[in-house]
Amino acid sequence: MIDILLSNPGFIIILAGMLCALIPISEIRKFLVGAAPIAAAYMIFTAFKDAEAARTVISVGGQDMTLMRIDRLSMLWGYVFCLAGVLNAIYGLHEKCKLTDSSALIYMGAAVAGVFAGDFLTLFIFWELAALSSVMLVWKGGENAFPAGIRYLAIHVLSGVLLLAGAVMFARANGGDFTIQHVGLENKGGLLLLLAMGIKCGFPFLHNWIQDAYPKASITGTVILSAFTTKLALYALARCFAGEDILIYIGAIMTCFPVFFAVIENDLRRVLSYSLNNQLGFMVCGIGLGTQLAMNGVAAHLAADVIFKGLLFMSMGAVMLRTGTAKASELGGLFRSMPLTTVFCLIGAGSIAAFPLLSAFVTKSMIITAALYEHEWIVLAMLLFASAGVMEHSGIKVPYFTFFSHDSGKRVKEAPWNMLVAMGLASLLCIFFAFPWGGYQFLYSLLPYQDVHYEPYTGNHVVTQLQLLFAAMLAFAALKKWKVYPDERRAEILDFDWTYRRLGKNIVLWIDAMWTRLSANMSVIRGRFFDSAGKKLYNFFSPAGAMSASAPSGLSAVLTGGMLVVLFAVIYLSRL
Amino acid sequence: MDLLSSYPSWLITHGAALLIILPLLVGAITSVLPRERLAWIVTLIVTLICVVTSLGVLLDVYFNDAQLYKMGGWDPPHGISYIIDGLNTPLIFLICAMALLCTIYGLPSVAAEVEPKKRAPFYAAFLIGVAGLLGMVVTGDAFNVFVFLEVSSISTYVLVAMGASRDRRALKAAYNYLILGSIGATFFVIGLGFLYMETGTLNMADIGNILRDLDGGSRVSLVAFGFIVVGLGLKLAMFPLHMWLPGAYAHAPSFVTVFLASTATKAALYLLLRFIFMVFDPSFEYVITVVTYVLTALGCIAMLFGSLQAIFQTDARRTLAFSSIAQVGYMLLGVGMATGLGLAAGYLHLLNHAVIKAALFFALGAFWYRYGITRIDDFAGLGKMMPWTMGAFTLGGLSLIGVPFTAGFTSKLNLVEAALQRGWAWAAIVIVVASILAIIYIGRMLMAAYFQSPPEIDGEVVAKNEAPLMMLIPMWLLALLSIAIGVNADLVVEAAQGAADVLIGGGV
Amino acid sequence: MADDVTTDTHNQSDDLTHPLARKFLWLADEKVIQNFIWLPIIGLAVTIPLAFVYPFDEGHKAPWDFFASWAIIGFVAYSFVVLSAEPLFRLLSRKENYYGEEVEPEVIVAPKVEVHHHD
């Protein structure tokens, strides 16, 4: 039992989460929240023996389940999750909430365990566990969060069911082998698996749960949520669909479309959710390219993204904690009262925009270069366009409207010390990952493929990237000067979720209304048909009906005789 | 194996005889015991011994092999033999275990539902009924089957009638049951008479051998087959011979309902299996025709009609009674496939359904015990008034529907697989439709219990009043067991597979 | 959720300003804002000529790669995104309670203060 527990680093995090649910003392819980990811990271460190894949297999009901499979790919994901876990733990130190602590740990543990799962059944279990535990974090967000959480849960459970169905179909066609391996679309069940992972990854038209649930979750909840769910799906995608051509185009579209939504959205946490979607697009595209360079880029960008996106969500969370809102139209001028948060947010913004010396510069460029090497010109153009778009919504819009812009007149305290520490550490990491003297080399040494060489700091790369960013800033300044840069306005922006939140709901309501009207107006016809059918059923089956008439001993005796006759008839006919 | 080696060898060797003789003798004594508490303790001890013995027998068959016990040392076909094999040992254990759980449950329940002076005889009748059921299942002699069938039936009529102090309608139900049960038994014994005419022996294995030599025998054996199937069909509540069942289940004391629902029809179904596959043989044209067309058709009709009828009931017990008829339909469908998989699935559903239905009826008994509730309309707020009992009921209900990770799901899944393997896709559809109907009738009760608020009396909400522990223990044991089977069904599936192997393998 | 929100309409540089931020209040200065545009202009003025020093790798070059192409891409893409905001907003925006959700109060505690009026 113990060795099963110790087989997968995720299990001890889940265990710590369960313990947290029982511990009434906040300090002990906080210790566990911080210590569990560190312990898990240590376990990954000891479990990983170079390129050889370590495995733990148990048999449940005749089905082999690979609880632990570690290789360079899963190792990196595991480390990144643990790192995010520690940062989130520090960020959440001020909050005394048993539910958040335990569900955050279980959620994170499920994500880690899912990454190290070696077969689809184990993955399915943690896939669903991650969904179930994370919905608690959404629900902590208040009134609007509850229905959003229900939608979130429904979509994720659907994703899990699709995953299981796809896995079963794939395994059937594959001689009962549930091992997570390259699946590809041409195999049976591949489409279902892609759909399941696509939902969790936020593929276009399947992405709405991100922008629906994340901005409505609690302050710490959003930070925690942003790190794991989509990244777990990305891992599964990298395992099963690397090099699948369609992903290149899906990814490219994913990088572009959120840009347009982010620019008109007022809720800055929702802007960041679109930005999350956009960054995922880069990684999905890289998985689709599937070359060693691209996969390295995906892994590296994942590490960078978890940190800088976490940092941006953290800074918005700090602002929200102090001012009570994250709406661009209500904020502005906060650099006066939250200067440290401002600096951290700017570092995060610079990282996501890929300024040289900040993390995305050394990671995103790998994916873009891979697209260049493959001569995917259209895709490359879309990625460049999206890079400029990132500069707009995350690089400029988020810090500008929060900390500069018009002064909202809000004078608040600086963020609590623990948030500042978490943001500071994340900022340091953003710088470290791109540090030209030893920083990015360390990050690259953890990547799955060590044979490919990539040099981020070439003169041309630095120069062109700076051109792009400066030109974007010029456009911003010019548009601002000519007063064509739109002001932030409060509004609900429609996205594809309109189909189910409005259209679907209205169709149901319409059907309901029409049905009511129909029953009122056409009661005669309806009555004639349904009533008589219902009445007949009732007359036949109800306690007073023909089928249940009590005291039918006479009738039953006759029936028994009749039965015998029927039987004889059948027997007789069978002899003919 | 370790557990088995801790048994004294005589207990294993004579286990078959002990299982019948002990409750029969003690039952006779119990009827004259002066105090009900004493009668209860005696019953508890006897059922406990039976459980231990039957477990030993079960393990013995599992690890060693089937055995033939010769009563008084006389060899068959002259003497009476008892059979212990993979087909009947799971059922023997089921009957004994249910008897024990019912007895535990009976301490509060019987005290509430049966008149004080009738309680000692009640336990006596119960023990004799247990002996009868065990006898039906164990014996290898055809006439002996009839005798034990009558022993169990007569004691059951008495037990049902004892519900009269709670509900006067029990008398009418018992009378109904008596008439129809007697008709069934008569049909059965007429069939046996014909068989004796044809083969000149009453030993089941012997009859089987002779019939096989005769390649199915003359018209006499055809007639015998017809009578036996109809007679047993009545006992196992095969549609449309189920008329006695809802009344008996609804008005008998809760204790009896549980015991009847989980064992009596199952024992009759077991007899049907043994007669069809081991006394007669599916290789005979007339047998396979009846099995394939009549049993399957009746099974499917029972599944749909039983479920529909359950939906329209107002009384919770009647709902579950009609659901039982539908569940018998599932088992008959499995039998009707006449393949190894189908039989195993049917047998599996037999075992699972016994567990599920017993848990549900236990809960219904507790509802009556605390609040006098029998109608579904009165379920309102039960989720708050009796959370633990309702919890067990919910688990049982979900299992009956066949929600994943419950026993019901396991057996329905096996049935569907068997149907698909047989090439009967339509049967899979019927199973799914019947399950959807089950969602409706179970859902109705759960909705009322959880989504409506408890009734108010004089402006005050009815207080929470949980069932006594003696009721909760057996109820939860079974509810958890049904989940455990759903999570890992290996043991039960293996038992069902063993039973199917015996049937397909033929002969003792 | 919000604690210690103080709305200050008159005095920008009083005690409520964070001590670390005092030295940076010039960031809100009207002149600085007006002249911010020079920062990217100078940046471009440096990096575009530098592209001659560090040319594109001839082996791996997109069809559109020449010395100032990334600056043009950046400027055009950025402007396109921002300019598309207005029509998109008209098309897609609805009232905040469109989905029947609870909305935080519309009016802020005090009217907005335009920073550059202060001087």
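By written order: A, B and C. Residues from 1 in each chain.
The working rule: a residue touches a chain if its C-beta (ideal position, glycine included) is under 8 Å from a C-beta of that chain, and two chains touch if they have at least 3 such contacts.
From a predicted model like this one, the values you see are computed outputs, not experimental measurements.
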item	value
Relative to chain C, chain with the most remote C-alpha centre	B
Chain pair with the most C-beta contacts	A-C
Whole-Å gap separating chain A and chain B, where each centre is the average of the chain's CA atoms	50
Distance from the mean Cα position of chain C to that of chain A, given in whole angstrom	28
Gap in Å, rounded to a whole number, between the CA centres of chain C and chain B	76
Multi-partner residues of chain B (at least 2 other chains)	none
Contacting residues of chain C [partner chain A, same complex]	1-9, 12, 16-18, 20-21, 24-25, 27-28, 34, 36-37, 39-41, 43-44, 47-48, 50-51, 53-57, 60, 62-64, 68-75, 77-79, 81-86, 88-89, 92-99, 101-102, 104, 106, 108, 110, 112-115
In the complex, chain A residues that touch chain C	143-144, 219, 259-260, 263-264, 320-325, 327, 330, 332-333, 335-340, 369, 372-373, 377, 380-381, 384-385, 388-389, 391-392, 404, 406-414, 458-460, 462-479, 481, 484-486, 489-495, 501-502
Residue ranges of chain A touching chain B (in the complex, touch as defined)	60-62, 537-538, 541-543, 545, 547-548, 550-553, 555-557, 559-560, 563-564, 566-568, 570-575
In the complex with chain A, residue positions of chain B that touch it	172, 175-176, 179-180, 183-184, 187, 222-223, 225-227, 229-230, 233-234, 240-241, 243-244, 246-247, 285-286, 288-290, 293-294, 305, 308-309, 311-315, 318, 488-490
